[in-house]
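Below is one structure, written out as structure tokens; comments come after it.
Chain nomenclature is as follows: A, B, C, D, E and F, assigned in order of appearance, with residue numbering initiated at 1 for each chain independently.
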Amino acid sequence: GRAYHLGLRKGDVPKYVLMPGEVERASRIASSWDRSWRLAQRREYSSFRGVYRGVDVAVVSTGIGGPATAIAVEELLELGADTLIRVGSTGAIQDDIEVGDIIITTAAVRMDGTSYQYAPAGYPASASYEVIMALVEAAESLGVRYHLGITASTDSFYVGQGRPGYGGYMPSWSRNLVPDLRQMRVLNFEMESATLLTLANIYGFRAGAVHAVYAQRVKDEFVAHAGEENLIKVADEAVRIL
Amino acid sequence: GRAYHLGLRKGDVPKYVLMPGEVERASRIASSWDRSWRLAQRREYSSFRGVYRGVDVAVVSTGIGGPATAIAVEELLELGADTLIRVGSTGAIQDDIEVGDIIITTAAVRMDGTSYQYAPAGYPASASYEVIMALVEAAESLGVRYHLGITASTDSFYVGQGRPGYGGYMPSWSRNLVPDLRQMRVLNFEMESATLLTLANIYGFRAGAVHAVYAQRVKDEFVAHAGEENLIKVADEAVRIL
Amino acid sequence: GRAYHLGLRKGDVPKYVLMPGEVERASRIASSWDRSWRLAQRREYSSFRGVYRGVDVAVVSTGIGGPATAIAVEELLELGADTLIRVGSTGAIQDDIEVGDIIITTAAVRMDGTSYQYAPAGYPASASYEVIMALVEAAESLGVRYHLGITASTDSFYVGQGRPGYGGYMPSWSRNLVPDLRQMRVLNFEMESATLLTLANIYGFRAGAVHAVYAQRVKDEFVAHAGEENLIKVADEAVRIL
Amino acid sequence: GRAYHLGLRKGDVPKYVLMPGEVERASRIASSWDRSWRLAQRREYSSFRGVYRGVDVAVVSTGIGGPATAIAVEELLELGADTLIRVGSTGAIQDDIEVGDIIITTAAVRMDGTSYQYAPAGYPASASYEVIMALVEAAESLGVRYHLGITASTDSFYVGQGRPGYGGYMPSWSRNLVPDLRQMRVLNFEMESATLLTLANIYGFRAGAVHAVYAQRVKDEFVAHAGEENLIKVADEAVRIL
Amino acid sequence: GRAYHLGLRKGDVPKYVLMPGEVERASRIASSWDRSWRLAQRREYSSFRGVYRGVDVAVVSTGIGGPATAIAVEELLELGADTLIRVGSTGAIQDDIEVGDIIITTAAVRMDGTSYQYAPAGYPASASYEVIMALVEAAESLGVRYHLGITASTDSFYVGQGRPGYGGYMPSWSRNLVPDLRQMRVLNFEMESATLLTLANIYGFRAGAVHAVYAQRVKDEFVAHAGEENLIKVADEAVRIL
Amino acid sequence: GRAYHLGLRKGDVPKYVLMPGEVERASRIASSWDRSWRLAQRREYSSFRGVYRGVDVAVVSTGIGGPATAIAVEELLELGADTLIRVGSTGAIQDDIEVGDIIITTAAVRMDGTSYQYAPAGYPASASYEVIMALVEAAESLGVRYHLGITASTDSFYVGQGRPGYGGYMPSWSRNLVPDLRQMRVLNFEMESATLLTLANIYGFRAGAVHAVYAQRVKDEFVAHAGEENLIKVADEAVRIL
């Protein structure tokens, strides 16, 4: 059936699914619930189900990038999910965002390849306003410092985000990347939201994305897992609200 | 100064501005308020100011299309506006939308030219979730039948929306246009929202769009001004809520 | 019928139609004829008919930009027009062009969105050589200073023409715009000719464009309505010649 | 120096240069003049100089395609030429054009690669109106049947013009090619005009193109050298007129 | 340091690295060697080192898609690897390829997003001829049935490879995908080779790709792990030969 | 029949055909064989047949650029050829390549127009690994200094290769061309390989390309025919090996 890659069957997943990129974050999210149990572990798809404050919820890691994310989305829809929230890590490109802060994505810049195989260039990768509201309400109620705005989703962690590649590779177009996106009020770089949000609009399910800031690109700061605990709390609470 | 095209000066406009495409709708909107007076009339830019239920509000018509709309937006920002709502008419391409219904745009497909002179292809033309919420709340409280979703903004009323041009002109690519967009859950065609919403994200102001369905493209029905009264009520109420 | 937006009926317009962008210029053009009367005023479409030196002629304003212009063109063809001449204002980007000079467009750079919904990227937006000849002859006979060459038609008056947008917005690509176009011998910027001339080639009608220079972008000079009187005389005379 | 490929020196060429694609047509053109002598023969560049009715003229073959044509143009400009007229053969795609007819190009669809290395997509490949006029006048005065309109210049004689390639190769996009271009009133296919006319606009020299119809693609007729004699007469006369 | 995602340090990897997409295949490959031990397991990056017939070799899984693959490549180069061979599974689109056969990629069609963030559209994703030779020699010596040719690397397993998406989603462009690629002699679909081979050409390391056919798309057959044993043998042997 | 442009008939050409761009090089290649005789001379297509060390071989010049090359390829395939090797001249852009050196192309950057009329942007222009091997073996056995790598094939000798055009024309994008390609390890510029190698992959014939370095672009050196003798020897030997 459709869930070939995830290794899941109908009935395995509830309506709400959290989707971290990192395989290991899936288990950390599951641990944050009142109860949880493993569903499957195949390729980069680690899945758990559980209950958070009385709400049935699952988590499925997507791995890095749009191609792996789209497979997870296609198969989760087939299994009956209808509200998918990315729970990711990110690098910020605006001055006023600190390492450890939370970023709630209102819409994504489609700098991935996957979304273009689903929809032409101008189609919007926008989050569901209901998911945005729930994430904002969760962050507010938890007193977590957050930012709300546009996220750029790229297909390359190094050159595609304006970092030099191996041996200092830096073609001319990559040099304008960060300054242009900063001018356009883009808050941060990551690698999965554009795919998720484009598919959400095409297929009519609700989706959103929330990120913890591990890297501050302007100040060249990096703290692995900074804000991850807050990130998971905000995501869990948003599910409860939705 | 900046307001060369609009013929307005600093202080002329409040924070909230309604933006119909049709020049004549500007005066109909102004008439719906408790008090209103004309500001200016230049080119396609007809402007009024007034008070609706105690809220200072203005209306400025944009004319048809992104080029004229972007000029209005640039000059209104310079004048101090920070919440812009398009109040337009539209053609629906989904079966379940009736002539006279209201469509609230969550995000737009950028099939205009203007937004590409401001931002690269993948940048999202998404509405502010606060404006979406206010429009939904307004429509609900007024009991107006509405639909919420993606809008396609084109630069051509005829060929660019899948209608035959003069003499039946219908190049191959225009024949897949409507079927593809319907599959992608696009609700409707119009010609200004993508530009407005792209500029809103770049410049950091709040924006949204609401439309009355004059044309039902699937059933080939058309009623001029169908639902316009409801449209104006919803827009006015949304301003009050915001 | 087809003339939904213009508010005109078959028989209302003769073969020759002048097409200013500015709504108000339509009446100034009509006033320059021996006799004239208003046809309609809808949205940005202000129309007059009249007689100039024995020739039946009409004027229909297009509003700003390709989207509004294409609607006017589609509907005028349906009504029987076959020779359309844009009578516009413009900003010059070459040193030797002065404010108040006249520019006759031989062909346009398609930096609009509308023409791409009618024809693929390489299709030429070239003026009819007969209209070019008539405009040149008119300018020569009137002793008006004119320039003949390529015009760039954009969909954005500010950022798309290399001017900073709100808050100084100036993405990297907009900085090379004017220097590159100057090198390619482009004379001027405006916002309607590319659409008009592309449609003329597709639909097989005669078209041309003539502009008065209001802005000198190299010297940063601007005089509203500079050369407008000459502009109108040249356009009127060209109609007589054609 | 610049004329590396052509094998010519300053002073070798006059202002007017005829440019056939076929190497052998260069000598047939030279033979049509009152006097002529060979200049050089290098690669696909066969050149002659001569006098036609008292006018100094040269002919330089370009070989097939934009890449070879652009080299000839660059080097001829360096040598002082300022009016270049392509004298080519072509395949017609409209019903009313017969084998042996003459086609005068007003502008070309840029389906070549070369012109894009000189100018962005929307830049027009339009002929000089003076050259168009001279060609029309020449054809009229000689009583030659001619057509005036848009020419599509491709980089591929087989697949790029909608003919099946080796083994019947016919990808999906090539099947809409001819029907779409016919709808857009394109008269004919050839392989050099777009490059020539784009460079003419960039560099500010006069250029045009005239073709003899060897192939009628709609009726699947082909006669090698049909109309070539008329073609050469029209080109020669146009030079005299210019 | 650079190996942030892989969790490896300098000295951990030898020159030759095999790169399966599937996390679990990494351990199956390691098991095929004479000796092997785990290096790390982070996200989708499972790594082992070992010795095959006296040659030092490592395996690092890439996860699905170009984005995750490029990260692995960047970090492996930093660690000193210089010959990378993808060892993947694939779906064949030509009639004469059977489930369980082996496909050796000579070059890939770049239908990914990642490679475009490293190099412009025309840059080739070609395999090193030395790696191709070694893979061919390995397959020949092992008597394994193999095919040699072009591979298409997409960013979407479903819609991007011409399969219907959720709810039967099948936009117009996806319908020509498989027929066109078959005509162009493309053998198979997978999701990582284009990225790997583009980076190999940019960075100057040797790379290749070999796949086991799990799916026969023309006959709609699918056998998970078909030919995987042969695949691993061929890859191991190729390393020995290189 | 198909060989309209070449002027050849079935049986005229053997399986192996050498393809210089320069018309005159065809005869120099033929002179290098044990026996040879002219086949035809039409347009830029000069053809000879002969015997080199017992192997039947032909040479057909392609003229400059992809458009003329594709015609030759299509017609040669129709005539039965199945191994085509370009034998060209080139300009090197890497420091360590000297005038007179030989470059063997592993794959080409498609900066031509022709290949895009045959295949979409990501399709690879890669040489047959058997032809690469034969060329390497030939160069090694002859003791000729050679380089192996990526070649950029452009449609413009001047502006498209980063040289200033007439009057110093140098648009912004042409200034990054050489630095970017050098960073991507591109060895050299020429104008035919991308077309040849793309068609080889589509049509399933073997092809390769070898070039003599006439120009060293970094050091601004140029020697016409430098290394041409070695070039011809390498090509001849490769045919013998294949």
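Keep this in mind: contacts are C-beta pairs under 8 Å (C-beta built on N, C-alpha and C of every residue); 3 or more make two chains touch, one makes a residue touch a chain.
It should be emphasised that the depicted structure is a prediction, and the values quoted were computed from it without experimental measurement.
K.L.:
Show me the overlap between the contact partners of chain B and those of chain E.
P.N.:
A chain counts here if it touches both chain B and chain E, which gives A, D.
K.L.:
From the C-alpha centre of chain A to that of chain E, how far is it in Å?
P.N.:
One centre to the other, that is 26 Å.
K.L.:
Please work out the Cα centroid separation of chain C and chain F, and write it as a whole number of Å.
P.N.:
Result: the chain centres lie 48 Å from each other.
K.L.:
So what's the Cα centroid distance for chain C and chain D, whole Å?
P.N.:
30
K.L.:
I need the residues of chain A touching at least two other chains; which ones are they?
P.N.:
Residues 111, 119, 169, 171, 180, 183-184, 202-203 of chain A each touch two or more of the other chains.
K.L.:
Provide the full list of chain pairs in touch.
P.N.:
Taking the chains two at a time, the touching pairs are A-B, A-C, A-E, A-F, B-C, B-D, B-E, C-D, C-F, D-E, D-F, E-F.
K.L.:
For chain A, which residues are in contact with chain E within the complex?
P.N.:
Touch list, chain A to chain E: 5, 21-24, 42-44, 63-68, 70-71, 74, 77-78, 111-114, 116-119, 154-160, 165-167, 169, 171, 174, 191, 202-203.
K.L.:
Under the touch definition given earlier, write down the residues of chain A that touch chain B in their complex.
P.N.:
106-111, 115, 119-129, 132-133, 150, 180, 183-185, 194, 201-204
K.L.:
Can you name the residues of chain F that touch chain A in the complex?
P.N.:
Touch residues, chain F against chain A: 176, 179-180, 183-184.
K.L.:
What part of chain B is in contact with chain D in the complex they form?
P.N.:
Within the complex, chain B contacts chain D at residues 169-172.
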